[in-house]
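Here the structure comes first, spelled out in structure tokens, and everything after it is commentary.
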């Protein structure tokens, strides 16, 4: 079974190749079959691989070397696939959720003129993501890494005739590219420090050769972190993610749930050994995660566009994952990634169903009362929102978020302040998730919702709703009757923990705050909507609302600090100021020509005189020397 | 004998095409196409044969060579020789020659036979450059490259540009720097004769001539100047944008794809082996210059609105990486530079194919007047997208292999420069995406060309795409080709 | 019947003739006179050759003179034809009238 | 015979000066013939009789006749002579005279740089000349014939009359 590993990335890539070459000549049904089918087959293949992995007699990581990519001297970069619990979970989620999104897209994109192109990009996206997570060497990981960046660029700008979409796409690519450059430099540091770029030998050598918090360890991990920050939309590179909503909704689901943004989390989890050797950087990771989750949580509260609100919620949830990674609880981060993939895909796809029904209306304030028109969409969206808000006991989000919060509190690398930020974030999460629910599905009907979504859209929604609620039961904390399927699969064993609060206490506190968020949402957006309206009408409220809505003004800041100088410099170079030197040479030559040209009088006698003078001079030289 | 054939064959094809051009442009094109394709096969066959059976058991670094007396009075011989590096460059030359003939504007009414004669004789001259193992012979081919390009510009160039000024600028820059190189060659040969009593211009025998004082720096600088102009390196680049703007697209493929690489090839073939000590002394300065070129090209490319000038400045940006790799003075960087030469040859040729398609039937190349072209020409759009991704160094495409190795090698030599160069790839992403956005995305503006890739152009595009992908994913053969040549 | 003047005197005469011709060439504006001055100078050069040949008892000087005469013949033929053309074109023989080469 | 040389030299110098200073072309031409004849005499006393004959026949004869023809064809009237006189002002003479005087001085300086010796001269026979001419110098003879041919063709071509419409016609 494990030998099938290469088909997991190969199938979506094959689908991409077929669609790219022949997509325009295929009928829509054919495109759907190839597009969704290739990812479906890939999901099946990952399932088989997972089965093969679990039923191994001796559990061991499995690697499959495809070919040697680059070989120069001692540098040998292989195209090598590496399967271990981390990558197994990642490919299962990427292909599984990816498949559901593809199925959903067959209906969502039904009327689009560029149907084949859309599926080609989507297949490439999944393929690149699978390459990324299965990569056994960092350059190959970088290949997938940039591949998903490319696909996000293509898909965000899918409706290219609107210049804003294209601009958002470029922004996404460039912002993540900045992080990627850091990561690339990180690869160089690793290569010169450890002499290899294959991930497993890298870990082993690092443990042998690096001393904790040594300069090279800090530099290498900090540079890797740059890449992760860019891809996962963390501070200070989070600005691209809200704008990435310009793409079709299934794309948002794919980017936010199964593929792109998970890459950063995956990278940090994959290289957690290195980060363990650089506690200073880990601390930075945790602080960034905490700051991001608060900032994005507040921003999410001020959005009008349903997709932007969900986008900020993604940033916020990724903040949780980074918080977990920062305290070394990478399995908790992966667990939250998994549950988040389910409920966020669900939320986006349900939001897509709403948007489609509302004729591409995305402003939540123009929606309302849709729970009667679209009951099934409402119930599934509610399931997703509950999981996002981590309502206790019944949702998957609760278990994963609880695992993070408890590790933050109990880990020696964590601490009360980080935990407090996480808990405040939990309150905010409850508030903004149910704000969306209430604005969209409750209240009076404002727009005119049309046809209900068909089975191709609804079946993935229902499946994901089940997962969003039930996937958490693979890992249940001790206080609620210990189940540790996930962490034991990851090979992590709970360490002795000591904290200011007991585990049970902190669970109750976190749950209460999440419920508090829900309650606040009920009050503010369902029962007394006037309070918010009145507050926003005050000057300070309006200013704060504007600040939050703009994502704390990072766009303007970067526009001033980075974009403007670059544009100014480039307009300076536009007319090639260095060529002036050569132009000056030309001008000198022309001047000399003009001066000597005066001697060209056209008068024969003048020329004769010149000859005579020349004779005089030459003879004088002969005579005198 | 095969080596001579490689040089003479395209010339013969060119003359035949020219002769046929008096009857009909179409037959001239056909003959030229056949000649270019056969040239490809010829070079490929030779490469295969050399790979299978290199010269048996000699100390010679050449895989194949041909030596005949030429001008014994000054020690010049007609010495052609091929090693892995030159075979790779020959393959690139023949391949891009085929692409150039595939997309040549032969049917546009201005004597198509002559155009093909120029294209193919340029190919012959470049092939000679890559094969010459004698300095004077190298110089002759080096200068011979100018002539066809000059005529390509003034006779078949873009009528909207000042073709004569462009051709003159191109000629003056390359000619003047070439003469400096000639002087350096002769001085080197003279010094060698004084030291050993043997008059020779052979590139191998001149290695290790004892040099001292100012000459030890001036001679390599003389060579360096000629190659830096050819590449071109900032600040010797000012001929390039005007030339790229004026030259017909097919000529541009040869000029940018292959001739610019002659500069880098010359650095690798002559400057480094002939002057090892001076090279390592000059390397830091050359790297700084290269970095300046990288940044300058990136910024300037970002601000261009003219398609051709964009290509020119992005080339300056990329060739900066090549120089950076060469002067990192280690195997990683130099191999990366070599890979990048090949990759950039393919990608820039693609950009010229793109430019040729856009300008066909008088289409505009002013990016400010273009937009939304994807809807009209999706195949062209996909082709451009791939080229743009290659330009910005997407892994999986050929340029990444080169850039990665160059940066790795540079990091070994000077981490600071490597970091700055790596940061500039962000800029190259910015200008590349801006290019894509301006031409293919956004609303339509009405200045777009009417048609998508035609049959021949599509074939050329497919060839380039395939080569970029293959070299990007399986660069092994390419990197092994230079194993004996570079450290 | 031979003169025994020093070679230098012959040379001086050649120089005097040459310089007179040169003055004429520089002073005159009429192209006809300029052509005549040219003839004087050629003749002076021939004289110098013959004097030198006589000094060294060699026939070469005389051969040179014959070359010069040949050349002068050709030159005058072409020159006079040009003068005719010139006159038709400009209706004058003033060389200063023909300054279209002025830079 | 030395006296003959000096007298002929004086005549040559004076008549040459007259050539360049006359305003009437025909007068100048006559003085030029005088100058050529006196140079021919000098050739004769210097022991080059063949050359002296050539000088008279070709130079003073053939070439000067060409000049005469030209002057006749141009049909220059008295107003031309008047024009010439105007051009020959003192100022026009000043610059060239100074320049040439310097040149003359330099030439004399060079001439007197060597040793002064009067040697016996002897005649270089036409036979010697002919032997040399058709021996080592045969190439030059060929070249001269080419030159003459060229001159012939050029003169023929240039001498054709051009009409107002720019088309050429046989003379």
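Here the chain labels run A, B, C and D in written order, and each chain numbers its own residues starting at 1.
Just so we're on the same page, contacts are C-beta pairs under 8 Å (C-beta built on N, C-alpha and C of every residue); 3 or more make two chains touch, one makes a residue touch a chain.
These numbers come from a predicted model, not from an experiment.
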{"item": "Chain pair, C-D or A-C, that carries the greater number of C-beta contacts", "value": "C-D"}
{"item": "For chain B paired with chain D, centre-to-centre distance based on mean C-alpha positions, whole Å", "value": "63"}
{"item": "Centre-of-Cα separation between chain D and chain C, whole angstrom", "value": "5"}
{"item": "Computed distance of Cα centres, chain C from chain A, in Å", "value": "93"}
{"item": "Interchain centroid distance [CA atoms averaged], chain B/chain C, Å", "value": "59"}
{"item": "For chain B, residues contacting two or more additional chains", "value": "none"}
{"item": "Chain A: positions in contact with at least two other chains", "value": "609, 612"}
{"item": "Shared-contact residues (touching 2 or more other chains) in chain D", "value": "95-96, 99-100, 103, 107"}
{"item": "Pairwise chain contacts under the document criterion", "value": "A-B, A-C, A-D, C-D"}
{"item": "Residues on chain D engaged by chain C in the complex (per definition of touch)", "value": "1-2, 4-6, 9, 12-13, 16-17, 19-21, 25, 28-29, 32, 35-36, 39, 42-43, 45-48, 50-51, 54-55, 58-59, 62-63, 66-67, 69-71, 73-74, 76, 80, 84, 87-88, 92-93, 95-97, 99-101, 103-104, 107-108, 111-112, 114, 116-124, 128-129, 131-133, 137, 140, 144, 147-148, 150-152, 154-159, 161-162"}
{"item": "Interfacial residue positions of chain A with respect to chain D in the complex", "value": "609, 612-613, 615-616, 619-620, 622-623"}
{"item": "For the chain A and chain B complex, residues of the former touching the latter", "value": "20, 24, 67-73, 75, 79, 117, 139, 142-143, 145-147, 150, 153-154, 157, 160-163, 166-167, 169-170, 173-174, 177-178, 181, 184-185, 188, 191-192, 566-567, 569-574, 576, 578-579, 581-583"}
{"item": "Residue ranges of chain A in contact with chain C within the complex", "value": "597-605, 608-609, 612"}
{"item": "In the complex, chain C residues that touch chain D", "value": "1-13, 15-24, 26-30, 32-33, 35-37, 39-40, 43, 47, 50-51, 53-55, 57-63, 65-67, 69-78, 80-85, 87-88, 93"}
